[in-house]
Structure formats: C-alpha cells, structure tokens
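Before anything else, here is the set of structures, which you'll find just below.
Shared between the two complexes below is subunit A, which pairs with subunit B and subunit C, respectively.
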Partner chain A sequence: MTQIDLYSILPISVLVAFACLLLLLEVFYPKGKQKEIGFFAAFGFALTMGLAISQLGNTISGFGGMVALDGFSNFLNVLFLLTGILSVAFAYGYNKRMGIDRGEYYVLIMFSVAGMMLMGQATDLIITFLALELLSIPLYILAAFSIQKEESEEAGIKYFLLGSYATGFIVFGIALIFGATTSTAFAAIIASIAQGTANLTLLTIGAALLLIGFGFKVAMVPFHMWTPDVYQGSPTSVTAFMAAGAKAAGFAALLRVFSSLFPSLAADLAPVIAVLAALTMIIGNITAVAQTDMKRMLGYSSIAQAGYILMAFVPFADEAVRATAISAGLFYLVAYTLASFGSWGVLMMLEREEGKGLSLADYAGLGKKYPLLAFAMAVFMLSLTGLPPTLGLVGKFYLFRAVMEGNVLWLAIVGVLTSLVSAFYYLRVIVTMYFKEGAPVIIQDRLAYWAIGSCVVATVALSLVPAPLFAWVSNALISPF
Partner chain B sequence: MIPVNYYLILSGVLFSAGAVGVLIRRNSLVIFMSIELMLNAANLAFVAFAKMHSANPAVVHNGQIFVFFVMTVAAAEVAVGLALIVAIFRKKQSIDVDQLNQLKG
Partner chain C sequence: MNFLLEPLNLVTFFPLLGVLVLLLVKSEAKNTLRWVALGTALINFGISLWILGKFDPAGDLQLVSQYDWIQVAGWNIKYYMAIDGLSILLVLLTTFLTPIAILSTWTAVEERVKDFMVFFLMLEVGMLGVFMAQDLFLFYIFWEFTLVPMYFLIGIWGGPNRLYAAVKFFLYTMAGSILMLLAILWLGVNQGTFSVPDLVAKGGIPADIQMWLFVAFTAAFAIKVPMWPLHSWLPDAHVEAPTAGSVILAGVLLKMGTYGFLRFNLQLFPEAAYAAAPTIAVLAVIGILYGAAVSYSQKDVKKLVAYSSVSHLGFVMLGMFALNAQGIEGAILQMINHGLSTGALFLMVGMIYEQTHTREIAVYGGLWKITPVYGSLMLIVALSSMGLPGLNGFVGEFTILLGAFGSKAFGSPIYAILSAIGVILAAIYILYMFQKMFLGPAGKIVEEVKHHGHELRDLNAREIITLLPLLVFIFWIGLYPAPFFNLIAPAVEKLLIPFQAVIGG
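== the complex of A and B ==
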C-alpha cells in the first residue's frame, strides 16, 4: 500500500475513522445528551468535505486499479458530503422532537455516506459491491429507526427485503460478468471485451442483471414498488437522506459501470434504458397526481425525477454525446438534491409528534402565516417542475439537449409532456399554500431554517449564474483506463 | 470428474429458485432464505468460473476472494435482517408479509 493508494481514498478513510470514533464516544455519553454527537458528526463531514475539495483536479488510480479518483468521483464526493451535512442539520432538531435522538443515527449516516463515496470511486466490481452494501445496510437500520412505530418497522423490513433482493441480482450479474471476462477489474474487463475473448451472451445477461439491481436502488419503474411505502414509513429525516443520497449513489454506480464497461452492448441496452426512463417518468408523475399525503407524493415525485436523470444514460455509448450527457445528468442531480432536500426539510417543519401535519390540507394558509417558509416550498416545487427562476429549469434544459443530441427525440418529448403532468401536483401545493384558508402549525427549528434557507439560495442563485457549476460538471469526467 | 458446466447449471437453477421464491412466498423468513439462496448461487458460479480457468492463478484468486466478500456481507445482512424480523414478530406475533399493510395509498 503506497501513499498514492491511501491518498485516493483519504476522505473515505477519514470519514470512516470519524464514524468509528463517534460510535465509541456515544457509549460513554450520558443518555439524553446524545444529540451533541450531531455536532461532532457535522464537524467530521465538514473536515472530510475540506479534504475532498482539496483533492479536486486529481486523476489517480489506487490499489492496483480498484479505486479511481477522477473528476467524476471527486464531484460526487463533494455532493454526497453535502447530503450528509444537510441531513445532520435537519435531523438535529427533528430526531429530538420525534424521540429518536440517539447517537447511532449520525454514525449510520456517516457510514452510509462513506459507502456512497466509495461507490463513485469504485473501478472494480468487488468494490462496487462492497460500497453498495456499506451504503445500504446502514440505510436498512435507519429506515426502521423509529422502532416504536409500526410504520417505521414496516418500512425497514420492506426496504431490507427488496434491497437485499436487488443485491442478489447484482452479485449474480457480477458473477456472470466475471465468468464472461475472467476478471472483476474494469480495466481487465474492458481489455477482454476489446480483444474479443469475452463471452458476449454471459456478458449481456450480466449487464441486464446489474441494470435490474441498480434499478431497484434508484427506484426505476418497474422496480419502484417499495419506494412510496419506505419513504412514507421511515422517519422524515431518513427519507430525505434516502431520496437524495442513496439515489444519487445508485446513479453514480450506474454511470460509472455502464459507460466504462458496456459501450459495446449499447445496441441492446440503450433502447431498454430509454423505454425504462420513459416509463419511470410517466408512471411516477401520473401516480403522484393522486396522492394527498405529502410524503407519498414526494416519494412518487422522486421516482419521476429518477426517470429524468435516467435520460442522461441513454446516449451512454455515443462517444460524441457521452460527456455532455453525463455532465447534464450530474447537473440535474445537484438541482434535484437541493430541491428535494429542501422540500423534505419543509415537511419536517410541519410534521408533529403524532405523525400529523403530513397531508396536503395541512399546508393551507401557510403563505399568509409563514411567508418565508411558504416561499421556500414554492421555490422547491418550481425547481422540481422545472420552471424559472430555479436550478431545475436549467437542469432539465441541459438534460433534454443532451438527449436530443443523442438522437432520442421521442424521449425528450416524453420528458416535456410528463413535466407538464408533474406541474399539476407540484403547483397544487403552491395553490394550497397561498390561496386556501387554514391555520398551519410549524415547529421553530433554527438549524432547519438555515438548512432550508441555504437550499433556496443555492437553487435560485445557481440558476441565475449556472456557469461555475456547469464548468465543474463538464470537468467531472469518468477517467478512461 | 463432474464437468464444470454442471455447477454453472446448478447455480442458475438455484438463483432462479431464489428469485421466484422471493416473489411467491409470504413468510419473511422464507423470503430471506430465498435471498440467501440467490447469493449462494452467485458464490457457486464464482467458484465454478474460477475452476474453469484454473490454469490462471489470478482468475482463481479473483473468483474465490469474491466469494469471501459475499459471505461476509451476507452475514452482516443477516444480523440486520433477523433483528428486524424479530422486532416485527414481537409486535405483531406474525412475520407474514401480507400483514405488513400499514402503508398504502
């Protein structure tokens, strides 16, 4: 193990070391004071974020080609750490209100974020698999974190069973790819395909199994059935983390694996992915229209959003368009993370201990009574719809452009039409907030206010000046081998 | 000497049995066992492929080491999964997934 090896996973190692330390600290902390662990966790995330930012611009490969540090993984590391910080900020007050302020919460979030970061960096299928499990197993526990509630338990077991089912597909897919190419290292797999020694039948089946497995993780139709239930049953602080972080990590793995390993299978895979993306957008958006529970509505909305991000995959084998498409996907991922985290944050402000305050009717009158919070929610809803002046509009614009450059015009049309459908249920929230009478109750939580505020500012400011972010995602390339 | 292909066929059959088992069984424990069956089918495939290329030690190591990783991760999953199932059983006196119906809409 050389210095280069260690440097390539430095942020991950620091984060994991920090998490282990907190796990020890938590034992010696008196009960009822454990939320102070949250401070340490936020510090750990900030420290790691500093390290990740200091690594920008590096392109190195470590551990004999098992992990890579390149623009792509560097960008995602920063994004995942941001997710971690935001979820600590939201959970700090929320978990106390819900009576689940236990120190393990932050530790599990840290382990899960470490898994996500490793997922973006993995260039060996062994590492992809380990990272996936490092990310998922803490999430199974987190989903059931509010164990005294039946819904949370149910969410936990559903997520666990379907998540492990997906893992089964992924492991068997990796086994077939190993059989087809005699290796699990990306470089060796690519070489084997290029030399024509690979067994293409096995390879295609393996790739399809991987697509199914990752499809479960990112909630792609028809593997999305668990999403609304799990999102509704889990504590909202966990749901926010799952909706933003876990989904982004799934996409990171899909992008990395498919665009590195399977360009040669594009003729078979690209049409399938295009159809799945279209189905995801259509079914996600149409089902969301019928929801009155806000958590469920946002759950279906997150399925639909996965469909939009999935569009960035369709031209994954087209050399000329691939870079544009991947950067458009990453750009939209940022827009989605900010807007979805922010709107889950608003939900947490209105949710009360008994699990009330979660239906659409509870938002009536919010505009009159709490104009700032209502404004924030309105910005997030506009961003998720893709209307100005928000980052969602810019993101969708780049996405549709990438898809059109990839010559899949029909998919772009489906994207635009389903965005129109989605406007119905997103704008319904705004209408309810501003034009209906009601007496909403919110919880005063300064930290959450700050977190929501920074999401609003970022969503609006980055849409007015998208150039820096766009320059960054354009450099976030997957390094070739 | 049994040809390596037979192991691969067995592994495919085990995987399919597991995948179907998850879909048609209603008891959480049995579903969980089916998932383990899928993972072990993959392990069998790894070892069989490694054996197929036994002339090349790198391939053998790669395949067999993956099996150890899968076994370790499966053990971690069991720890979490069984804890969840026990917690549910304590509350409901049943681990039938059809009774997990609080969440719908």
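== the complex of A and C ==
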C-alpha cells in the first residue's frame, strides 16, 4: 500500500475508524448518557466531510485500479456525508422520543455511509459488491431498529430478504461479466470489450442483471414493490436515510458502472432503461395519488423521483451528451436529497410515539398554527414538483435538457406530464396544511428545526444562484480509468 | 446594490421590501398591515411612472438590466430585463391595479391580513417579472411563480368551494406551462441561447418545428388567456377568489397569456403564427360568441362578469392574430381596457356582496334608487364594458374589428363580421344585468338586509376613491386614446416587420 492508495480512500478510512471507535466507546459508556454518541458521530461526519472537500480536484486511482478518486466520487462523497450529518440531526431527538436511542444507531449509519462512499469510488466490480454489502447490511438492521414494533421488524425482514435476493442478481451479473471478459476490474473489462475478445451475449446478460440489482436499490419499477412497506415500517429517521442516501448510492453505482463499462451495449440497454424510467415515473406518481398515509405517499413519491433521475441516465453512451447526463443526474440528486430529507424531517416532527400523526389529515391547520414549519414543507413539496422558486425546478430543467440532447424527446414529454400528476398529490399536502382547519400537534425539536431550516434555505438559495452548483457538477466527471 | 437601483429591477423587487416590513409588523395590527401594503403598492406605482418618464416609445427594448446568471455547464442563461412598447402599458396596469385591489380589501379581508398582503405583494413581483423578462428561463420562473401566491389567495380567502377552484386553477395552468417548458428547453438547446432578442435575431427555425414550438407555447398561453375551449378553470377561479384576487386575476393574470402570445409566439415563430392565424381566429370568434351567450344565462353576477372575460379576451386574440398594425394595437389597448372595466366590475360586485353576502342576480332590483352613486358608477362601467362610444371599450373593440376586417392573415372579413355580433350580445347581457339589479322595484334582498338590522348603504368615500382612478382612465382612453396608441405603435410596427415578408406587404 502506497501513500496514494491510502489517500484515495482517506475519508472512508477515517469514517470507518471513527465508527469502530464509537462502537467500542458505546459499550463502556454509562447507560443513559449514550446520546453523546450522537455528537461524536456528527463530529466524525463533519471531520470526514472536511477531508473529502480537501480532496476536491484530485483524480487518482488506487489499489491497482480498484478504487478511484475523481470529480464524480468526490462530489458524491460530500453528498453522502451531508446525508449522514442530516440523519444524525434528525435522529437525535426522534429516536429518543420513539424510545430507540441506542448508540449503535449512529455507528450503523456511519458504516452505511462508508459503504455509499466506497460505492461511488469503486472501479472494480468486486469492490462495488463489497460496498453494496457494507451499505446494505447496516440498513437491514436499521430498518428493524424499532424492535418493539411489529411493523419495524416486518420491514427489516422484508428489506433483508428482498435485498439479499437483489444482491444475488448483482453477484451473478458480476460472475457473467467475469466469464465474458475474464476480469472484474473496470480497466481490463473495457480493454477486453475494445479488443473484441469479450463474449457479448454473456456481457449483455450480466449488464442486465446488474441493472436489475441496482434497480432494486434505487426502487425502479418493476423492482419497487418493497419500497412502500419498508419505508412505512421502518423508523422514520431510517426511512429518510434510506430514501435519500441509499437511493443516491444506487445511482452512483449505476452511473459509474454503466457509463464506464457498457457504452457499447447502449443500443440494447438504453431503450430498456428509457422504458423503465418512464414506467417508474408513471407508476410511482399515479400510485402516490391514492395514498393518505404520509410515509407511504413520500415512499411512492421517492419511487417517482427515481424515475426522473433514471431519465438522465438514458443517454449514458452518447459521447457528446454523457457529461451533461451525469451532471444533470448529480444535480438533481442534490435537489432531491434536500427536499426529500427536509420533508421526512417535517414528518418526524409530527409523528408521535404511538404511531399517530402520520396521516395527511394530521397536517390540517399546520399553516395557521406553525407557519414556519408549514412554509418549509410547502417549499419541499414545490421543489419535488419542480416549481419556482426552488432547486427542484432547476434540477428538472437540467434533466430534461440531458434527455433532449440525447434525442429521447418522448421521455421528456412523459417526464413533464407525470410532473403534472405529481403536482396533484404534492399540492394536496399544501392544501391540507393551509386551507383546512385542524389542530396539529408537533414536537419541539430544536435540532430538527435547524436541519429543516438549512434544507429550506439551500433549496431556495441554490435555485436563485445555481451557478456554483452547476459548475461543481459539471466538473464531477467520471474519469476513464 | 446597483442591481436593485436599476429602474426595472427596482419596480419588480420593491414589493419585496414591503413584504419584509409586513413580516415585522404584528399580525393583530391589521390597519398597519393594510397601510404598509398600500403604501408599498403606491410607491411602486410611482416608480413605474418614473419609468414611463424615462421611456422612449420610438426606442427598442430599453432600460435594459442584463447580467450573466448561469453561464456554466453549457447553459447560456442571463438575467435579462427590459421594457418596450409591447409591455410598458401592462407594467403600468399592474402597478396601477395592485394598490386599487389592496384598497378594496380594507374591510373585505379581516382574517390573516398579514398573509394576504404578503401573498399579494409577492404576486405583484411575479407579474411584473413576467412582463419584463427577456430571457426565457427567467420568464418561466416568474411565470410559474405567479401561480403560487394566486393559489394561496384563492385557497385561503376564497369562497365556499375554494379548494376545488384553487387546485383546478393550479393544475390547469401548470398543464400548459410544462409543455412550454419543453419548448423553451428545445430553443435553448438548439439555438444556444435563452435570450428572446437573440433568438429573434437568429431565427431560422424550420417551419415544421416552428409549428410544434408554437403549439407548445400556445398551450401555456391559451389556457391562461383563456381561449375557448380551455376556459373552464376561469369561472371557478373567479367566483371563488376574493374580490381583490378576481381583480388581479382578470386585470393582469389573464393578460400574461395574451402578452405571451404577443412577445413569444408572434416574435419567435412568425411563419407558424401566420399559418395558425385562421385557426386562432375561429377559436377567438367562438370564444366571443360563446362567452357572451353563457354570460347571459348566468344567475350569479360574478360568474356573468367572469364569462364576459372569455368574450372580451376573444376580441384581444382576434385582433392580435389579424397580424396587422390596427389589430395588434387594438389588442394591446383592449388588454388594458379589459383590465380597467372588468377590474371595476369585479370591485363593484364585491362592494355589494360585502353588504348582502349574495351574488344572485334575481334577489336584487331597484338598486339605483336605493344607492344612487353605486348605480351611476355601475352604469358607466357597464357601458364601458359593452363598448359604448366615448368610453374605453369602444376604442379597443373598434380598432380590433377594423384590423380583423382587413386582415390578410385571415383572408376573409367573416371573422370580423361574426365578432361584431359579439358586441351586440355584450350589450344584451350587460344591460340585462343592469336592468335586473338596478332598475324596477326593489328586490327582496333589501328587505332581507333590513331584517338583519342593517340598511343597504351607498358607497362610502373609500370605495369611491377605489373606483375613481379606474373611471378616469375609462373616460380618458375613450375620449383621447392617442397618447396610449403612441406608446404602442412603434413597437407594433417593429413586431410586424417579419410578417411583411411572410404575408407579402
């Protein structure tokens, strides 16, 4: 191991080391004082974020081409760490209220974030797989974290079974790709395809299996069935983390693997992805209309949002558009992370221990009684719909541009039409908050207030001054190792 | 700071200063809130008059404020505001109607005054931005942004069926705008710029694609205008909206649609506009006749006024797509006229509603005797709305009809002739309304109000002050419209240059 090797995974190592340390600390910490673990975790995330930011602009390959540090992974590292910090901020009060404030929670989140970061950096399919497991296993535990509740247990089991099943697809896909190209390293696979020594049939089947496996992770239709149940059953703090972080990590892997390895298969794969994206947008949005439980509604909405991001992915093989497509995907991920995390945060403020406060009707009158919180929720809903003055509009604008430059106009039309459908159920939240009378109860949670507030400010401010974010994502390129 | 001191930015964003002040005032201090909002709107009107003073009708786009906004990642988006003869009157109309609308809420809005005023001033920002933005992306942001405050105005302070009306308004309008969004993106991606003047200068969009883009933009604007058969959101939104909301909705928001046609459809896609002119004319004529016929059969006076908008805006569309100087100048003037007369009608309907809490025409009668000032003012406004010579409506409609009659784009005077029937129908439904409500024996509402221990009162000083400015302009435009035409004419001439090539002189 050289210094370069270590440097390429420095943030991940620090985060994992921190997590191990906290795990030990947690054992010896006196009972009842474990909440301080949360502070340590936040500190760990912040420290790692600092390191990740300091690595900006580096393009290096480590561990004999197994791990890459480039604009793409660097950007995602920062995004994943932000997800981590936000999860800690939301979970801190929420877990205590729900009676699940155990120190392991933060440790598991940290491990999972480390897995996400590795996922963005992996340039060897074995590492991709390893990262996927590091990301998923803590999530299986977290989904069942509220063990006193049956739904949470059920969510954990469901997520575990279906998740393992999906992992099976990925492993088998990797095996087939190995069979086709005699390697799992990106560079060797690319070379093998370029030289024409690869078995294209096996390669295509392998790629398709990978698409299914990752499709499960990002909740792409028709592999989305688990999402509403798991999202509803898991503790909301976990759901928020899954909806934002795990989804983004799935996209990170999809973008890197497909745009590096399979541009030559685009003729076969791109139409399939386009149809899946369209289906995801259509089914996600239409099903969301029928939901009255907020957690389920946001669950379906997150499926629909995956469809929009997937849209950017369709022209992945088009040399001229690829950079735009990837940047647009990343840009929208930021918009989605802020709005989605923020809205889950609002949900946590209204949720009560006995599982009440989660239906749409509980939001009636929020605008009158808690104007700031309702305003925040309205901003998130507008952003998810794609209306000004929010980042969601700019993000969608960028996505549609990528699709249009890739000459898949019909997909853009599906995109805008389903946005209209989505406006219906996002607006319904605003209608309920502002236009209906009610006596909502919220839990005062200062930390969550701050986290929600920063999501709102970022969502609005970045929409007015989007140039820096545009500049950043357009430099977040996947380097061809 | 310099950015905000440029005239157009100042007038657009000044209401935000009012919003900030409003946020600092206590919610219970209702009168303070009202005065702050009114003061802001009045100062903003003053700023717009200052802009009028600087405005040179002969000039091109002027008072330009241009900054790089998003110039990375292959985007070429600018912050680009400017004003010309096509928009100056609409900007003035906006700043003129806003304080009037605020004044009309003095006693009508008692609940959540602070929120009301905040949304109202934010709405003004959006509307002004729409009329001045010269970059398509910026325009789209302002355009969609106006939806949000209006949605809240209808949804919170509206009538009994307000939820339905607010959501319908929102979804209907958004359905059109998202198609426009795709067209805007197509232009930006393929022409390399979002700036309207640059796009106009560049031109060269193939005719078949022009038609698609034209259709996409039309989807957004035709819903907003609204053109028949896309008008069904309008009566709901109008009836449920609070009076001030209706005034702004009819007075300004609908003009955003007609203005959009003028600024974008005609400028960017001249060939397609020429090809589509007869189709638009058919829809416009149907709108004129249908709106008038449906108005006549309304039992609710506010609905009657709402449907009359469909008819009046049909005239605007007809004049615009006549694609000659008279037609377009008449159309622009008629936009202003409609804002003044329909605005005044909604205000007056609101004034009586505040006392009686009903808008059913049948329960009224003999109001002229009971409330003479109200009756006389209503007569003037009604006559203006139906286009009596000497009042503003006549000037607009007559110019439009002249334009439509001689239009080469239509190729036949039949549209003008059919629309002229619309003028007669307007006289019928307006006079019918006036006769039922203001003449004859006193209606049963008079007794009913007495029964509740009140007396129907005539307009008070505040209400007269609210209406007076509108009346001044109703007479001014009616008697001496030249200054208004002078503001519009050079810009219209310039707008028509590309069409001379298409139409052939």
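Here is the rule we use: the second predicted complex is superposed on the first by the 481 of 481 C-alpha atoms of A that agree within 3 Å, B and C clash if a C-alpha of one lies under 4 Å from a C-alpha of the other, contacts with A are read in each partner's own complex, and residues count from 1 in each chain.
Note that in this section a residue touches a chain if its C-beta (ideal position, glycine included) is under 8 Å from a C-beta of that chain, and two chains touch if they have at least 3 such contacts.
Fair warning: this is a prediction, and the values are worked out from it, not measured in the lab.
In the superposition on chain A, contact is made by A:I157 with subunit B only, not with subunit C.
Shared-chain residue A:I126: touches subunit B; no touch with subunit C. Of the two partner chains placed around the shared chain by superposition, neither subunit B nor subunit C is touched by A:F43. Looking at the shared chain after the overlay, A:A467 reaches subunit C, while subunit B stays out of its contact range. Of the two partner chains, subunit C is the only one that A:P389 touches; subunit B does not reach it.
By the touch criterion defined above, A:W450 reaches neither subunit B nor subunit C. Contacts of A:P228 after superposition on the shared chain: subunit B is touched, whereas subunit C is not. Across the superposed pair, subunit B and subunit C touch subunit A at no common residue.
Residues 69-75, 112, 137, 140-142, 144-145, 147-148, 151-152, 155-156, 162-163, 166-167, 170-171, 174-175, 178-179, 181-182, 185-186, 188-189 of subunit C are the ones touching subunit A in the complex. Every residue of subunit B that touches subunit A in the complex is listed here, in rising order: 8, 11, 15, 18-19, 22, 28, 31-32, 35, 38-39, 41-43, 45-46, 48-49, 52-53, 56, 58-59, 62-63, 65-66, 69-70, 73, 76-77, 80-81, 84-85, 87-88, 91-92, 97, 100, 102-105. Those residues of subunit A whose C-beta lies close enough to touch subunit C in the complex are 324, 327, 368, 382, 387-389, 393, 397-398, 400-401, 404-405, 409, 412-413, 416-417, 419-420, 423-424, 427-428, 431, 434-436, 466-467, 470-471, 473-474.
Taken in their complex, subunit A has these residues touching subunit B: 126, 129-130, 133, 137, 140-141, 144, 147, 150-151, 153-158, 160-161, 164-165, 167-169, 171-172, 174-176, 178-179, 182-185, 228-229, 232-233, 291, 293, 296.
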